[in-house]
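Here chain A shows up in two complexes: once beside chain B, once beside chain C.
Right, the complex of A and B next:
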């Protein structure tokens, strides 16, 4: 198990790279790296629901996007077929350029999808919840409970559906949902109440005691004002001053959160270690991003219109993308 | 030390107090057992210990509760968390985290225990409940018994001196329940914990208990004291104590071992009275004489027939080559450990799960092409959790809804809903909200909702789970009466005493196959986990129940 923060850095870098290019060569390379990662970190026996398996997703989304774009966009010089004009919607020329552009969009979507699939496989939701600042501790606990509650509720739904079927219930009208919904709701409420009792018995108070409520509030309001006016300034062509205010305001908000968090009496049991693997994964992702920005240059941009051309490729930028493969190499 | 002084507590919007003038003392280091029927106030009493009553429930509490010299009413549950650990009935409903270690650490994180000490405490709690090998596991992958052990470990993490448990075994199979109770006894001995336990399964725990607190449900005063003093006041007891009372054994035996010499004595008396040892054989069983007095029922055509059934969930085969026939007017019990495939078999019988091979015939017709609702008009099925069935505003409505589902007008119903409610002993509850009733009553409402179409076969999945002795006795009477009318009943259960009382035939299932079948006396005694108390007491006889013994011991004239 790698530290969740390492995976977050990896994801941010991956998503940034993918969103900066439409060059099919780079996209395919990145997608291959993500797919390999999915393949390596998937635990045995763990399977995706059929339509969400990355391979199937690609096979479905890429042709569909290509087809839709070919039907919507009639631009381009290489006409493959000309469907008779009088036919509604599909009538008109179908161009290779439009097909390729659509397929590129599909490829882009798939790359995003697979990058998030990696995070989903690698990091339990609960480890992500740990990134919620300590000042919001009760919120974090509620989020954590919701994660537990959801699968239990699904199981209950199944039980109730069966129980109603055996007393002759059939789904015909909207009203027929009532026998499924009512036991689920009352059962859920009963469980929620029991959980509240259990948590209170174990000393969970749910309320925060703020030592310096005034100070933290003032700092956070100042921070918010800073971010807002910074945003306005950037819109008014005063970008540099705007960014200064945004960064300063964000820092003030962080300080306010830290001040509040300090006054919540709470310690953490699980301290995930940050070792050489985490350094390698974050390093690899950051090198990939930096290298791609640095050497990718104009080759990042690719446009099939008005006539298809072979995309340009920079070897150094392409090699940099292999940095995304590091998790596949270091995860045991 | 725990002390109640004239405690009276009334839930909001009710007039009858749940606890009436309760005064008792539980000394430090005691193992106290709280008994009483559902609704007698056991949970309420326990919740007074850490202030959940009245802080969560509302209502009015008078009198004084003192726990380790603290006042739970003043300190509220959060303030009592270091003094009293609390474990609830449903293992699933008390978890906040998803992994064993994290769950145990939750209370410590809240209490801001420094990390080094926190690790030591989690380690100790894992050790005490024998959970160390499971520490990294996800809670959802644990068995019910393991989950309850995690719940206990979590409750003990703050090192309370008192542990209160509200029917912690009611959702468990007998094996896991036994293991849990063993763990409690160990904790009590090694840590010197004060344990206050509300529990229906007295058999297992009585030998270790040094105080019994009996809450009568008729508002009579609470009786508390050593087990031998209190047990005679309790109307329904485990078979051993019931027999001991009927035969006047004194002092009251608490374990089968303690009962042995009384039993030997009885048999010696019997052999000097007469040389006839036939008494040891069951008198031509009362049940088979009673069964099927209704001549119109054809006893030889099975209501339900399973032929070479094979079923699977995905790639895992759950049932293999199962052949069973169920005839009118008999109660067949299906025994087996958790995961043996018992519930799967029931699901196949009504079409909730389609078998991979083989077929199910209901009154000679295959169910393969019929939908569940249609099959269930002929075969009633009571699932494990009757709450999943109930959603109407009143008990009577539940019955009408089933009729409406099947498109039957109330006046054409094979049995009038009111008459059925009367048979179920629910006539006075017809207008109540089903979910406000006790566990046993809710189960009977669910039975009503199923039986209102008058099916010819009834399947029950673990019907005695969570029931007290009285509700169990009521269910037994009902099943016997239906059997006499020719209903074919298949009972999936872990409850050996129920099987001993009710079954005409026993099937044992293991790993998806029927591994033994035959008459109860033979099958039950063949396996130590399935042996009823009475058989343990008289190993040479084929007696299974208290009635068998009393009938067998009666001198013949």
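Right, the complex of A and C next:
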């Protein structure tokens, strides 16, 4: 089990590399590295919890993105099919370049998806909740209550269903779900009352802490104003000033977070160990990012318009991407 | 003063959120090369809004109620992932709308945002799409108390008309949720550096094509699903929530020694 922060560094590096490139060769290579990691860290016999396994996601998204882009952008020299112009919405030429470009977008999305799938698989839910900043203490409490009680709710749903089935209740129409839904809801509300009493008797929120001190409120308003005006300025072609304002506004919101978090008392009971494996994983990811930035250069961008060409490939940059494979090597 | 600051935060975050969602449309004539930046800005305005809204979650009753209802809604979403309904139908919006309506906008916002967060944690769906989903689902709950004055004006409280009002609200949000999330995924799917149309009109035509081809049916299923749930379960749920609001309305007082 690796330290959660090591996975976070890995994820940030992976997402930055993927979002910086648009070259199908690099993307495929990175995707292969991520897929290998998913395959290695998934425990045998464990079913994949996410709605879509990565392979199925790719099969669904890549053709969809290709189709959408082919319908949306009618640029490019190699015309595959010409749909009659007067047809509403879909009329016009379908070009190979647009198809390829759309498929590239799909590939990019798949790489994103798989990188996040690695995080979801590798880090336990408790540690994911621990990533919630200290300023959001109430939110983190609610999230952990919800995560704790979600399996109970599912079990209760099962029990109510069995009880109603024994009584001869049959599910035919939507309204037949009412005798299932209402006990679930009222039972949940009763449980909430009990939980509230238990929490109050253990002294939860016994002392009144102003969860949002006035100063933090003002600072975050200043930050929001900065981000809003910055966004408007970039839209109105004043990009450099806009960027300054956006960065300043984000910094102000970060300060507001810090101000709020400061007032929340906090105890650490156990520190997760950080050993050589963590160093290897973070080091590998950072080397991959740095190497890709350093040697990727012009080959990072690939544009299929106006005529399809074979994408360029830099061996060093491609090798650097293998740094993302380190978790697969060191996780036992 | 506090109320003014609060209103200012709501207004600003809504404006930023709308700007980020509409960015691809505003930027017609230029390449959009910032989908990640947009996700970041949406996340930022969500953070500021959450920081403001969570101030209410400082007592045990609010936290426990919110936690349990979030667990319930996340479990419903889990069931939905396991047994996919037709199209974009999702049972989570029903509870978000009704609790927002009864327990207030801040409760609704937190329930909406946290439902999406917790179900993403449970099903392994954490990703760059999460801030958009959380913010939009939060808006659903935040906006539903806006119906209250309307219901009062129509003298609809506790009557059939109230359910009809909530159902049409659910239909509207079902469609709007899809349209807003499309705008966010549009930047990703169309991708950075793609040649964008030169005029706003052309962009809107393209977006129309994108919308009709990808999600109109999907969103309709979601909206109509909300209507069906509201008509079937709305009245008893409202009654139960109102009853429990009375039961939750107590305070602990220290015994004077």
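One rule holds in what follows: the second predicted complex is superposed on the first by the 212 of 332 C-alpha atoms of A that agree within 3 Å, B and C clash if a C-alpha of one lies under 4 Å from a C-alpha of the other, contacts with A are read in each partner's own complex, and residues count from 1 in each chain.
Note that in this section a residue touches a chain if its C-beta (ideal position, glycine included) is under 8 Å from a C-beta of that chain, and two chains touch if they have at least 3 such contacts.
Source: prediction; values computed, not measured.
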Which superposed partner A:191 touches (first chain B, second chain C, both, neither) | both
Is A:313 touching the first partner chain B, the second partner chain C, both, or neither of them?
-> neither
Does chain A have more residues touched by chain B or by chain C?
-> C
Report for A:145: first if it touches chain B alone, second if chain C alone, otherwise both or neither.
-> both
Go through the superposed model and pick first if A:258 touches only chain B, second if only chain C, both, or neither.
-> neither
Where does A:295 make contact in the superposed view: on chain B (first), on chain C (second), on both, or on neither?
-> neither
Once the shared chain is lined up, is A:162 touching chain B (first), chain C (second), both, or neither of them?
-> first
Going through chain A, the residues touched by chain B and also by chain C turn out to be 141, 144-145, 147-148, 152, 178, 182, 186, 191, 193, 195-197, 199-200, 204-205
The chain C residues in contact with chain A across the complex are 2, 5-6, 8-9, 12-13, 15-16, 19-20, 23, 26-27, 35-36, 40-41, 44-45, 47-48, 50-52, 54-55, 57-61, 63-72, 74-75, 78-79, 81, 110, 114, 117-118, 121-128, 188-195, 206, 208-210, 212-214, 228-229, 232-233, 236-237, 240-241, 244, 247-248, 252
Of all residues in chain B, which touch chain A in the complex?
-> 47, 50, 52, 55-56, 76-78, 80-82, 84-86, 88, 90, 92-98, 101-102, 105-115, 118-119, 122, 140, 154-155, 157-158, 347, 350, 352, 371-373, 376-377, 380-381, 383, 385, 387-391, 401-402, 405-406, 435, 449-450, 453
Residues on chain A engaged by chain B in the complex (per definition of touch) = 124, 126, 141, 144-145, 147-148, 151-152, 156, 159-160, 162-170, 178-179, 182-183, 186-187, 190-191, 193-205, 265-271
The chain A residues in contact with chain C across the complex are 15, 19, 22, 48-51, 64-65, 68-69, 71-73, 75, 89-90, 101-102, 104-106, 108-109, 112-113, 116-117, 119-121, 125, 128-129, 135-136, 138-139, 141-150, 152-154, 157, 174-175, 177-178, 181-182, 184-186, 188-189, 191-193, 195-197, 199-200, 204-205, 208-212, 214, 216-218, 220-221, 223-225, 227-228, 231-232, 235, 246, 249-250, 253, 256-257, 260, 301, 303, 305
